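Quick heads-up: structures coming right below.
Shared between the two complexes below is subunit A, which pairs with subunit B and subunit C, respectively.
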Partner chain A sequence: MENWYAETGPDEDVVISSRIRLARNFKDIAFPARANKKQQDQVISIIKEALPEMNCYLMNDLPNLEKEYLIETHTISSDLAKSKKNSCLFTNDERASVMVNEEDHMRIQSVFSGLRLEEAYDDCLKIERNNKLQENYAFTYEFGYLTACPTNTGTGLRASAMVHVPALVISGKINSILDSCSKLGIAVRGIYGENSGSGAHMIQISNQVTLGQSEAEIIASIKNIIGQIAVLERQERQNLLEKGGIHFTDKIYRALGILKNTRCIDTEEALKLISEVKMGLDMGILKGATTSDIVTILTNVQPACLQKIEGRILTPDERDEARATFIRENIAKVE
Partner chain B sequence: MLCERCKKNEATMVLTKIINNKKTVTNLCAECAREAGNTMQMPLDGLGSIFSGLLGLETLWKGGPIQSIGTVKKCPSCGMTKEDIMREGKLGCGDCYITFIDEIRPLLRKIHGNCLHHGSVPNVDEPVKVRKEAKNEAPEKSPVEMLQDKMKEAIAKEDFETAAALRDQIKELQKEGM
Partner chain C sequence: MENWYAETGPDEDVVISSRIRLARNFKDIAFPARANKKQQDQVISIIKEALPEMNCYLMNDLPNLEKEYLIETHTISSDLAKSKKNSCLFTNDERASVMVNEEDHMRIQSVFSGLRLEEAYDDCLKIERNNKLQENYAFTYEFGYLTACPTNTGTGLRASAMVHVPALVISGKINSILDSCSKLGIAVRGIYGENSGSGAHMIQISNQVTLGQSEAEIIASIKNIIGQIAVLERQERQNLLEKGGIHFTDKIYRALGILKNTRCIDTEEALKLISEVKMGLDMGILKGATTSDIVTILTNVQPACLQKIEGRILTPDERDEARATFIRENIAKVE
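Then we have the complex of A and B:
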């Protein structure tokens, strides 16, 4: 699978990545939670036949570390990894992949760096529009694509973006934005860590309504909101710089100083400091690395990614040490 | 499973009787269920209950020695009852949408603000359609027209079962004012 985080994208100073997910089910087969083994196998064989170029990885056959890695890189959901059913991942060298027998028969998804929801959507369509699959979709003209959960019915489309908003978090202005998002039917949640994700100053923004609007309308409205948040974040970064002056710049250089010298560091602290260094780079205070370099570090300091790089299972203490070494080596060029 | 009363038709309903706190369950076909009469409508107040996971029946029964009879619809394909859907917040298969259409419509309206699909359609060249809509142009054909085309196709192929199903779908849509 191609790594979305190793490339540059539009608005990448604020928008880390764009993701599209399409939920599809097949008619005349019970949804996964209700399906028996035979029906789950039937789902897999329909997809295998329609997409012979993709490889199928059964979750039951994957080692835990591999599953954790796929979760950390947002390739699969933790629900898919946990599932005892015939859940699997269809993937190949292309960007788009398919989670099979999770909540729905198919969850087609594609992730791009920066603000590129349309590209991600077009990429998903390459799979979704497959003739053999289309013949089998559970669909009615009234309700659209039928999904296990009524919150996905209609387009089955979830458009989301991972947004880096350190200045809005520091100034506290993020709260009123989150407020208006929820009034507009936009879901917001923190990522990179369970508790609000405030460590890395990341939020995930996605549509809640899937029925009654076209795919284009849903994508346009999410894109519009994200664009507005990006403008506010940039303004706030300038604000902080003007008001904070030397204290603001100092905070960024201190973050870099710690990262360049640390000998052991936990995930949470690492994410917070890398987030500050990223803001410094985006604002031109620091130099020497691209946004994709930083997002690559941000991704790889997570426990499973780190162990994959090291090629072995690490104890928590060993991980903190390996994380520090990895960061020092990769952040050395930043000044 | 066959209807326990007429032993002729497929049972699609579960008749639940509570008399003096004693619950009996009988599987019936739609016809016999209707004849069983005195049908108690389930206390489906709004649809919020689908997520709160609470369904009135049990609580209602705790109310005392009320004599009540309830018929519970069952999805013919996956066996889900309204109770199951409420509890799990999820449907069991595509046919649940049709079986419980009267409950699903208001539920979807509550979640999404409306309950009529406006997005892509299988086998219709979607990227083209999406771009058209982005320019505020209406799709060339209404859903009813597209269904009518499919129905004609089915009739031409002498696939009358599909044609009949499409005819019903068209009727549903026309009722909804499409």
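Then we have the complex of A and C:
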């Protein structure tokens, strides 16, 4: 599978990644929560026949490390990984993949670096528009695409972006933005520690409403809000630099100094310090690495990614040491 | 004046410097606290005549920055710097110097790097044995050399060493050592923040008793105790390394990483981090600099030393920035 994080993308100084997820279900087959094994297999068969070029990985057959790796790279949900059903992932060398028998029969998704929601949507459509799939979709003219949970009914579309907002978090201004998002029907996750990534000053912005708006309207609306957040984040970075002066620059260089020298570091601290270095690079204070270099490091310091790189299961202490080594080697070129 | 800290010395992994101070007063002239201006001048005249090769710097004529610099390099006491009397410093290119009209008429002193109390004592004697001075000393066979404060009477000798004990401080074992010192009549200063240097894990060990023991006995006794502290400190460094493992090494490398990258840093934090880097070098964890390189940095990050290097008066903010630049340039070779 292609790694979205190894690419550059528009607005990548703030927008780490854009993701589109389309929920689809097949008519005349119970939703996964109520489907029996035979019906679950029937779903898989339809998809296999429609998408013969894709590989099917059954969750029950995958080693835990592999599942954790797929969660960390945002390829599957933790619900899919934990599923005892005939849940699986369809994927190949292309960007888009399909989670099968999670909450819905199909969740088609595609992730791109930077602010590229339209590209991610077009990429999902390459799968969604498949004739053999389309003839089976549960669809009504009254409700649109039917889904297991009514909050996804209609377009079945979730457009989301992971945004890197260290300056808004440091200044505390993020809170009023989160309030506004909530009033606009925008969901925000990841800032208050209920999700990994909070230490890295990342938040995930996504639409809550899937009904009553067209796909294009939903995407345009989320894109607009993310664009506004990016503008505010950039302003706040400049504010912090102007107000903090040498103390702000010092904070960024110290983060770099620790990362270049540490011999053991946990995920939380690593994410926080890499986040500060990323801000320094984005602002031109630091040089020598691209945003995608840093997002690649951010991704790979996670426990399962790290163990995939090392090629073996590591104890937490071994991980802290391997993480430090990985960071030192990969951040050496930043100055 | 020669810089003691630019030299190597025995036991320098623990013993930063050795100092001898000899208090001497002239007979038939009131002690400085009671002497009038004329008598203070008389003291200076005797010394000038006896030591024509030395330069005399009157405290009242010295700029504040120069006085602070002399205090930071342990050349004069802060009492001498603050004195409104005709107090002065006699010094030349040699190691030994003389504070005049501080608490006593003469305080001859010499500082050497490492554990070299005998050398420092011999160096003081080069001045003390001067015939023209000796014929004026206030001396009785009952009390020995008379001094303004009875605690200095007898030999007038203070033998002291600045010892670097980060491992004993980190482990807390320093406390029982301080208790023992106190029972043995050994004075300890600098650990609880009443003196600069506490952040750098430095303590000053010196004799309290000057009477009833010969000079050689006092020096041997202090040397013995310092030697024991050095052994305990080395054991504790090994303990910390064995128990702490990678976490101990990590702490040292992080200190180095911050010092190599900081853009502003205050004296207290700089001393603490440089102390950790010194321990790393002494233990062979880090490489690329000698102990005297590090002690030179430790000395020069102090405010007045830093301003002497910069050649101008700096505000506190400017000092923090200049200190960071000075450290980065001088610690770059450590790895």
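Descriptive notes on the structure:
Here, the second predicted complex is superposed on the first by the 328 of 335 C-alpha atoms of A that agree within 3 Å, B and C clash if a C-alpha of one lies under 4 Å from a C-alpha of the other, contacts with A are read in each partner's own complex, and residues count from 1 in each chain.
Definition applied: a contact is a pair of C-beta atoms (placed from the backbone, for glycine too) under 8 Å apart; a residue touches a chain by one contact, two chains touch by 3 or more.
Computed from a predicted model, the values in this text were never measured in an experiment.
When the two complexes are overlaid on their common chain A, residue A:111 makes contact with neither subunit B nor subunit C.
Of the two partner chains placed around the shared chain by superposition, neither subunit B nor subunit C is touched by A:159. Of the two partners, subunit B and subunit C, it is B that touches more residues of subunit A. In the superposition on chain A, A:213 makes contact with subunit B only, not with subunit C. By the touch criterion defined above, A:120 reaches neither subunit B nor subunit C.
In the overlay built on the shared chain, the residue A:261 is in contact with subunit C alone; subunit B does not reach it. Of the two partner chains placed by the overlay, neither subunit B nor subunit C lies in contact with A:229. Of the two partner chains placed by superposition, only subunit B is touched by A:149; subunit C is not. Shared interface residues of subunit A (contacting subunit B in one complex, subunit C in the other): none. Interface residues of subunit B facing subunit A in the complex, by the touch rule stated above, are 50, 77-78, 80, 88-94, 97-98, 104, 107-108, 111-123, 126-127, 129-131, 133-134, 143-144, 146-147, 169, 172-173, 176. Those residues of subunit C that touch subunit A in the complex are listed here as 246-247, 249-250, 253-254, 256-265, 317, 320-321, 324. Across the interface of their complex, subunit B is touched by residues 25, 27-31, 33-34, 103, 121-122, 125, 128-129, 131, 134-135, 137-151, 153-155, 157, 185, 209-218, 220 of subunit A.
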